[in-house]
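In structure tokens below, several structures.
Shared chain: subunit A. Partners: subunit B in the first complex, subunit C in the second.
This part shows the complex of A and B:
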């Protein structure tokens, strides 16, 4: 009996959900088998991981505040990347754009923070970060439309250029370098919490909701509307399906690419401003790999804005929860999360195949 | 005093080779993979997996050969995973590669930290490994003053890496299977129509290339004398290898030169200050160059090469035309 593979047009939603769910369950079972081999009770471990140690914890509100601090940049970067991915523009430069955005935001905070009111400084920080990151992305897009430069490799290279600029700022003790703490003999980034900081909204008890969380949700909704109900959003969809068709329909494809990539990178810059403005300090590991993880989240969500929020929330639980669980179960290294995330993704990628294709047996005798 | 200065130069040249040969393994491996039309961004992770399993198994067997073989196999297995997902299951190559990096580094730390808690094998305790990784001077050539000791007195894996690079150059450019492989990377549909088994070609060469990367990872572990701590042995070399593939224009022989160019900057970062101290008059300025510039240079140069070659409209570029695109036969 021979088989051949046929593309399928649309897979029913329930079937998709079942396949993805099965992939996640199998991954968790594989992880569980590994945990048993290490002599750890998988149920206890997973419970600790997925609740992030909030059950029976008197300071659970702190867990939630820290969790949201991780979630905001990841969700926003993923949303931003999905804009470019929709046009099949492989912006894997999220890391670099994030770093430049963070530097720009910190620059504004140091330079204007003392003289201006907090709200105005924050707005300026966001604008500076968006502009800087946006231009960094636009540069690659311009090369792509003008010369056909491979954007995947180009953005990859620029990630590292940005990273070493940040490391240069973080490791060079000099009079001009106002990013560093003047009081410390060793090079340490200076804190600017006093100069500018995103406010929290008290929500009863000790929990306060950082304003960035609300802003991120609002931007998510705006992007959703932009993609679904505006002319520009429609243009992005057409260019992504077929640039040739778009050109034939009279769309200015180059302009659409440039505009969308700028927007994508600018939103990544905004995410960086949120992160820096909340942390109140730069760090050489400021990105927390959101540029990489964001790519995976955007893809897992099939570039669907709503799903991105759900998936990034889950990925954050995985990451944050595994560090919490590692504190309790000393036999299991916190790198377990990366492995588990990898296995989940491999299986989801495999499951994805069955949503796009079906395997049909070749009939004997017939064609 | 004069002799000491010569010593600084010799050890500088020696370090360029010793510390950067893993780049050559990673690059040659990635060239083989990319020539089949697959862009694999998992080099960092694959090298890490090859490193950890190669090192551990090599130590337990007390044999360098076993270490190399296991590192190759571990890398090839990662390649098999990549090929199964992207060739058979049509998954996106960028995503699969990035996941492979996350997964590979996860495995590296999970296995490494797990074993460290139980008792880490120390390289010095395994005589065969230590002896196998010591320098083997090439007679006559290594007696050349100044550069002889630097260029022609190295461990077995250095020679193996350069040998593999030349063999791969010959294989890709002078043999029939190599020609077929390049055809698959350029236009799989056309290759398929003349009877080349595209799937098999892709599977074989992705596994082969990833296996070579695995050996590169093993080298890095040995070069660190197997001391395992919180930063990964591979330490970003996998990403530099991805850059180096472009710099070498997808040519394994150029990759050797590229390795030494990138290695030159890499070594300046580490020993630029000792050069500056030995020759204060001529090279004194080296001490003032920020080390981050050396680290950024490989990526900066590659970015410039990438732009320059696209401006020249791909004349003579080795970039496989269908790089990064999956081949689906029914859509031909």
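This part shows the complex of A and C:
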């Protein structure tokens, strides 16, 4: 019997959901098989992972606080990337923009944190991070607009430039380098928790909700409205769909590209400010790979702002949960989450294929 | 015993999703005959032929070659069975020579290029009576040469059955005659030819039999000598159609848009429009004829402000518009709609809804930071109703609509904006007869409302019937402006190839200069 591929016209929503769900389930089954091969009970492992160790834990509130600390940058970076992706501008420079934003925020914290009130310092940190990251993105957009360079390559390469700048700061022990701890003989980053830190809102009990979570949600809603209802959002959609048409409609395409990329990069910078403002210290792994994971989240959500929040919440469960589970199951490294994430992405893309095509047997014979 | 049919198809069915492209189709071709496959766009002609050439596989049905049942799984299978197809969009490597393009697909050519291949292919071309230089690179070839090369290619592979998909669409009248001579010679040598077309006069001229498809269904096969154009149209469309375009009477007004001595460069930097002058009056349709790629696109883009004008002037109602940004030109009431080959490239955002496409040119006019979709939706509803656009809703992405409906949406939006000059290029490209006539009617209505229309077209018959005057371009130069009711297809064809230059027909007035021009007199003195 022979099969061939046929295009589907329309896939109902429930079918899509089922397909994506099936993809995730199959990914978990594959992960389970691997766990069995390692001699780990998959049910026990997955339970531990998905509850992130909150069950039967007296300090579960701490888990939630740490979880949200991971979630905020990831969600915000994904939202920011979706802005550029909507316009088919492949900004894969989230890492670099994040790092520069983090350095700028830390710079402000060290320089002004002592003299100014906490709130003002924090606002200045956010603005500095947004401006720095935004300009880093704008640079690539300007090159693309002016000379037609490939933004994928440019943003990718600039990631490493930013990373090496950060490493240089982290390893150069010198008098001018106020980023490092003066008290330590070895080069280690200095903490500025006392100088500036994002406050939490007490929610009863010991759990307090960091203000960044609320800000991120608000920005998410604003971006949703921006993309869907404003003229600028409309312009982004038209440019992304067909730049020729946009020009024909009298849009200033270059200006729209510059504006949108700046906004996208600036929001990534803001995510970095949130991150360092809560961590209170720089580190060479400050990004936590959000620049990369954000790309995956944005695509898994098909650039839909609402879905981005759901997907990034789930991905964070995966990451954070696997770290927690690694403490109990010493055979399984926390990078198991990365593997699982890869398998999920792969299978979701496969499911995506099935939402657009179906495989049917070739019927033989005449009438 | 010799088989009656070179190719026979029985009960072929092919579906794409829920769309039935071909339903239970029977077709046969005798050795040494020319079969015309006639049908409107979307009737499944190309799909059917693609199954013979191995690009698609049928869902159901049988294919017989010389009486034996075969399965065609790939283009290689099709080649082996002696079936060759010349596609509408040529499949040639631009940087290769003619010989290398032919040689490339040869199975036993080995790893090394041999010198004799030029001689071998030249000899082959001579045998069939083709005139082609095997060393010429494809990018230096004219469209008709490329087509000849494609035909030589399929003959070289030993094809007995040759399928031509709309071969005449890109050719001038003279080139079509030459092609038909070649086809007749091939037929005499025993080749079977299937020619896909929707031009009735060509069907009558070249074919022995005609097979007609309608909306994926097989209608009938008739002997050409026993039928006529009217009967074929009725089979093709399914009901009676009036084949005459009414040229609406013209109410002459002063020139609306005057273009004088304009030179425009193409993307590659070559001169695309060379010192061109013409003018459009309100209430007239000026046709622009020319072989594809003669600067039509560049001209349209330049008028709309999308392409810089190197030299020359353009005045609209006496005001200079050279150098204005696209939006300013739009606001003056000059509307441009260009239907490119892929039909969606310019003028529409394909993934966006009809509503979103309706507001494309005026989204910025509403107050505040938000897009006004309410009026957009109302406009969409009205265009859908007025022009009979077939769509599930106003929120359907334009990409999902069929070609005719896409073009109606585009033209509907342009007319809705109330322009005084309409530049429209290939508005009926790829449309079936019914939709085409709907579009001609829209244009005629606009003309009677006093709108000046520049109609860049392909089909000379239509242009002669619809336009008031026709401007002929050849390699970016004006070959003359003729009155549509006084000219002939042959004359236009000669002008299109550059063989006839009528620019100095009237000694007192250069072609393309209006007697009552709005250019001020000083300008005219300078130019004189």
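The rule is short, and it goes like this: the second predicted complex is superposed on the first by the 346 of 367 C-alpha atoms of A that agree within 3 Å, B and C clash if a C-alpha of one lies under 4 Å from a C-alpha of the other, contacts with A are read in each partner's own complex, and residues count from 1 in each chain.
Quick note on the criterion: contacts are C-beta pairs under 8 Å (C-beta built on N, C-alpha and C of every residue); 3 or more make two chains touch, one makes a residue touch a chain.
If you're wondering where the values come from, they're calculated on a predicted model, not measured in any experiment.
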item	value
Subunit B versus subunit C as contact partner of A:7, first or second or both or neither	both
Subunit B versus subunit C as contact partner of A:57, first or second or both or neither	neither
Subunit A: partner with more touched residues, subunit B or subunit C	B
Partner chain(s) touched by A:250 [first = subunit B, second = subunit C, both, neither]	second
First (subunit B), second (subunit C), both or neither touched by A:238	second
Which of subunit B and subunit C A:154 touches, first, second, both or neither	first
Touched partner set for A:350, first subunit B, second subunit C, both or neither	first
Residues of subunit A contacting subunit B in one complex and subunit C in the other	4, 6-7
Subunit C-touching residues of subunit A, taken from the complex the two chains share	4, 6-9, 229-234, 237-238, 241-242, 244-250, 360, 362-367
Subunit A contact footprint on subunit B (complex, rising order)	39, 41, 81, 85, 89-92, 94-96, 98-110, 113-114, 117, 236, 239, 242-243, 246, 290-293, 295-296, 299-300, 302-303, 306-307, 310-311, 313, 319, 323-324, 328, 330-331
Contact set on subunit C toward subunit A in their complex	10-11, 15-19, 24, 57, 59-62, 304, 306, 325-327, 330, 336, 344-352, 356, 359-361, 363-364, 366, 369-371
Contacting residues of subunit A [partner subunit B, same complex]	4-7, 38, 90, 92, 143, 147-150, 152-154, 156-161, 163-165, 167-168, 171-172, 292, 295-296, 299, 331, 333, 335-343, 345-346, 349-350, 352-353, 356-357
